[in-house]
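Each of the next two complexes has subunit A plus one other chain: subunit B in the first, subunit C in the second.
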Partner chain A sequence: MKNNQLKNKRNIKRFIPPFMRKKTFAYSMLTVNILFITWVVVTETGLADELFLPGPLKIWQSFIEVSTEGYQGNTLFVHVFTSVNRILAAFIMACIVGIPMGVLMGASKIARALLNPLIEFYRPLPPLGLYTLLVMWLGIGEESKLALLFLAALPGLIIATIQAVQNIDPVYLRVAKGLGASKKTILFNVYLPAAGPTILAGMRISLGFTYTVLVAAEIVAASAGIGWMIWDAAKFLLSDVVIMGLIVLGLTGIGLDIFMRFIGRILMPWTRYLGP
Partner chain B sequence: MNQNIFTKTKGKVVIDNISISYSSRNEQIYALKDISATINPGEFVCILGPSGCGKSSLLNGIAGFVNPSNGKIALDNKVINKPSPEMGMVFQQYSLYPWKTVKENISFGPSINKKGNESPEEIAVKFLDMIGLSKYANHYPNELSGGMQQRVGIARALANYPDVLLMDEPFGALDSQTRIIMQENLLKIWREFKITVVFVTHDIDEAVFLADRILLMSTLPGKIKRDLKIDLPRPRDKETTDSKRFIELRQICHSLIREESIKAFEKQNQ
Partner chain C sequence: MKNILNKVSKTLFGSLSAMTLLMMTFPIEAFAKPKKITVGYLNLVNAQLVTKNLGLIQKEMPGVEVEHIKVGGGGDMLRAIAAKQVDFGGLGNPPTAIGVTRKLPIDGIMVLNMLDFVEAMVVRTDANIKSFKDLKGKTVAAPFGSTTHYLLLQALADEGIDPSSMTILDLRPNDIAAAWARGDLDAAWFWEPNLDKAVKRGGNIFMTSGIMEKRGYPTWDVGVVMKSFAKKYPEYVEKFVKAECAGIDFWINNPAKTAKIIAEELSLDLEDATRMMKGTEMVPCKKQLTSQYMGTSDDIGGFADTLVKTSKFLVSQKRLPKQLKRKDYEKFLDPSYLEKVVD
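Let's turn to the complex of A and B:
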């Protein structure tokens, strides 16, 4: 009985992201604490102008205020929910399109040659520049916002997936071919699981990149969304709302990243045993 | 095992005057040239030679992974031009799927090629028992030692009930103690299955200990230099390696290989 409980505890522990179990996590917390204390000291002593850098207390108050009373008619929850919804919708679409495209491009030279120009061309364009065109094509509504987020997410995903597929040890394919496996069997039993960990890494980077264009995507014709809230508050020099918004945005990003790693560990349980 | 009855007559490999070449830097390089050999059903044949002499190329040709540029290879009178489940391959190492458990690795083949009335699951359980790793059925390969992984690799290859087992330096990465145990186990499995085995190695002791016949290869381009019958009694065990005949045969291989290694070394330095 006791043994069983112990085992359960260990099982639960496995699902805690490894970074939190490591000693290095304590060092990371140290950096966070030093930053926080510096922030308090700089604002309390009046070294920083409160107009541009309010203290933690002010930020906290603004957090409570926007959470309960809202900003420009919407509560913080609505802003966050709207933005995270947009990001996730666009990101999931990008995964549905990008991962199969990447597998195809990784496995076939011809597919790679055909499709590469599509992503290579727009990849270096600045998101705001791209957005103006998207607005002209798709209007100022939700479509252009989602399209921009989608386009931001796509290249990272495709490139990571191509790399993942190209790096598959040929012996894995030989084993399956030697057994006479069909293309479909090879896709689901070799390509996807072998490429899985690298694809996941690509997904995490890609999600981060999607976040970086959020403000750009929400500048025009939005009345809710955390990116829009930050942009709007900046116009009125409401630095506490801006900073609070950035912190909340960052925290949702960290939350989603931890969630993705968690899903990865469940979908790919073997990765827990990779390496020593 | 009920497989014995029909595998005894199956598993004949005829290599008929084949050459295998690769193009590298716009040059045709012959890894093998004009090789012929017949491997009889149930025979244990070792292909022995220094590294780079084309052993893997020959084995991959038999497996159907590489097509010869001339000549042909046939299994039981059927020309081989692509991999088939009649042949099981054991690779050097790290060829188990890390994303499948030990049991799933073994049942993968049977789930593709359904033969007889055993379910893939039943086959996996049976072979896990045979290699003595039932306890590790639900472990992932990375949790196993190198020797255990190779036992799983052998079980995976046998799970399709192939007529020929092809092995490319399967114990090359193991320590010498584990390696000896694996060799003895392999001979037991071979006796039980009465299967044809083609075993590639550069280790002379290993070849002499295991083989009915050694095909000794020469280098650049690879040819069969000597077809050496190993007349050591079976079953073989520790005492075999102490016998006078074993030491004699080893000596013969040593001097032949030495010539080849020196030749290869000089050719590379020209």
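Let's turn to the complex of A and C:
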């Protein structure tokens, strides 16, 4: 009898994802709940002006409305889909360019010296400043938006990859060379597996940074996208749509990050848990 | 340590109560003089440029620091007002309708300008656009939420054309000029000084806001004041209106000098400035009190009707959640300062 109960308990537990079983998850939930309760109290008591901070119910209503009827011709799904598409397209392009560049710069001092001035110069430039120029060069279509997101993603990737390659234990390389490994084997069997975890961490940070540029990228001449929706709604003082959009944006960001970690676990099973 | 804290709090408390007593003995009005006023003005061609250039507001308020902030368009101005970053501002009728319906704490105190061909729809000459129907399948730009976006959609609705049959893009005026130069746009409805750049690069004017006024859709900019400011410093609102009226009179009486000022303020050729000036209609302050414009405190004029019409339209566009009655828009318009200045 007792045994059975225990078994049942274990069975139920199996359906809860592992991260939710941790104690730290409970603490995280505490923060979320406190924030939510403060929100309810502040809006219900009329402490906050409804124009600037509508209550949770209003946000929920606008979520339902935009999901079913849409905002300015597109449903919420289309807005999110458009934005995620832009982000992923730009980010994948940045990975294709940035990671090999980082490996090259990490492995060769000459390559690093050649490329460093370029990256160090544009890295701290504010995206909006760059954007005006991108619009003039590439026009108001998708190209300039993707270019901005691409440029936002690139430096983080390159710098993380350089770090990753430089931190590889030289013993690995010596052993591989000593055993007569070819350059190709060293690249694929030593550099990439050893540097993988740090590169992945860099990718996660870089994706997060790309995400922060999204609203800026969709300000000019967009008619869909979650960033555009937020920008447009702000113009008409539709703060419920703005806040709803920000929440969706945040959750989508978390979703993308979980996806990245999942991919990392599949590609690099030897990677230990990389932290939250 | 505790002792010091005690002392500090006692002195603080003492001086605070003394100040309160002082403030209670003297009527606040006698002291009511703002340290600084912030005037947000729109980046367009109207007499506010004259008022700013000649320092007319400063002349009315010696000892008060006057700061002018240039704001790109109505949408930005609305946000500046919502964030309480300006004391006085200027708004076109669509942002005004939005602000009043969303209960922003502002009062409309005067007419800044009526929009004629200073705002117009420019079409690329080789796109061969002769009527609104020809816009189908084309790329059209307008700053969303502005007077011209309103007129564009209104004109399409009147002609029975579905706006989704073309690509309508949201761009700010300077971005329109840049995109136009690259050839990304077929048509754009926006305003000077950027409008001219599009006309000079292979465009011609197809429709103006003045024509739309004759069709029953007047567009204008109204001067607004923050309610909190007006309550605290009513005389200074009057002074502001007086200065702006002087600017309008100067515009009407000295066209040549005004053109020079506009050319200087917006870095334009004198010739361009002169033409743009003619595209904006300035209304003398006395005339603003007639039924076509602000009306009087007892009988609010046509501006209230425009606001009703504009918000009705914005509700149909789902840009506004609800529509108010004429009475509510009347409450926003406050010609009392104008009445005092004109008398």
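Here is the rule we go by: the second predicted complex is superposed on the first by the 250 of 276 C-alpha atoms of A that agree within 3 Å, B and C clash if a C-alpha of one lies under 4 Å from a C-alpha of the other, contacts with A are read in each partner's own complex, and residues count from 1 in each chain.
Quick note on the criterion: a residue touches a chain if its C-beta (ideal position, glycine included) is under 8 Å from a C-beta of that chain, and two chains touch if they have at least 3 such contacts.
Computed from a predicted model, the values in this text were never measured in an experiment.
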For A:246, using the defined touch cut-off, is the partner it touches subunit B, subunit C, both, or neither? Pick first, second, both or neither.
neither
Where does A:51 make contact in the superposed view: on subunit B (first), on subunit C (second), on both, or on neither?
second
With the two complexes superposed on chain A, say which partner A:179 touches: subunit B (first), subunit C (second), both, or neither.
first
So in the superposed three-chain picture, is A:196 touching just subunit B, just subunit C, both, or none of them (first/second/both/neither)?
first
Give one of first, second, both or neither to describe whether A:93 is in contact with subunit B, with subunit C, with both, or with none.
neither
Which holds for A:235: it touches subunit B only (first), subunit C only (second), both, or neither?
second
For A:169, select first, second, both or neither according to whether it touches subunit B, subunit C, the two together, or no partner.
first
Thinking of the overlay built on chain A, is A:72 touched by subunit B (first), by subunit C (second), by both, or by neither?
second
Touching subunit A in the complex, subunit C uses residues 75, 78-79, 82, 98-99, 102-104, 141, 144-145, 164, 167-171, 175, 178-179, 182, 184, 314, 318-321
Any idea which subunit B residues touch subunit A in the complex?
63-65, 83-85, 87-89, 91, 94-95, 97-100, 108-109, 112-113, 140, 142-143, 156, 160
Of subunit A, residues touching subunit C in the complex:
51-52, 71-73, 132, 135-136, 139-141, 220-223, 232, 234-238
Contact residues on subunit A for subunit B in the complex?
169, 171-172, 174-182, 185, 189-190, 193-194, 196, 268-270, 273-275
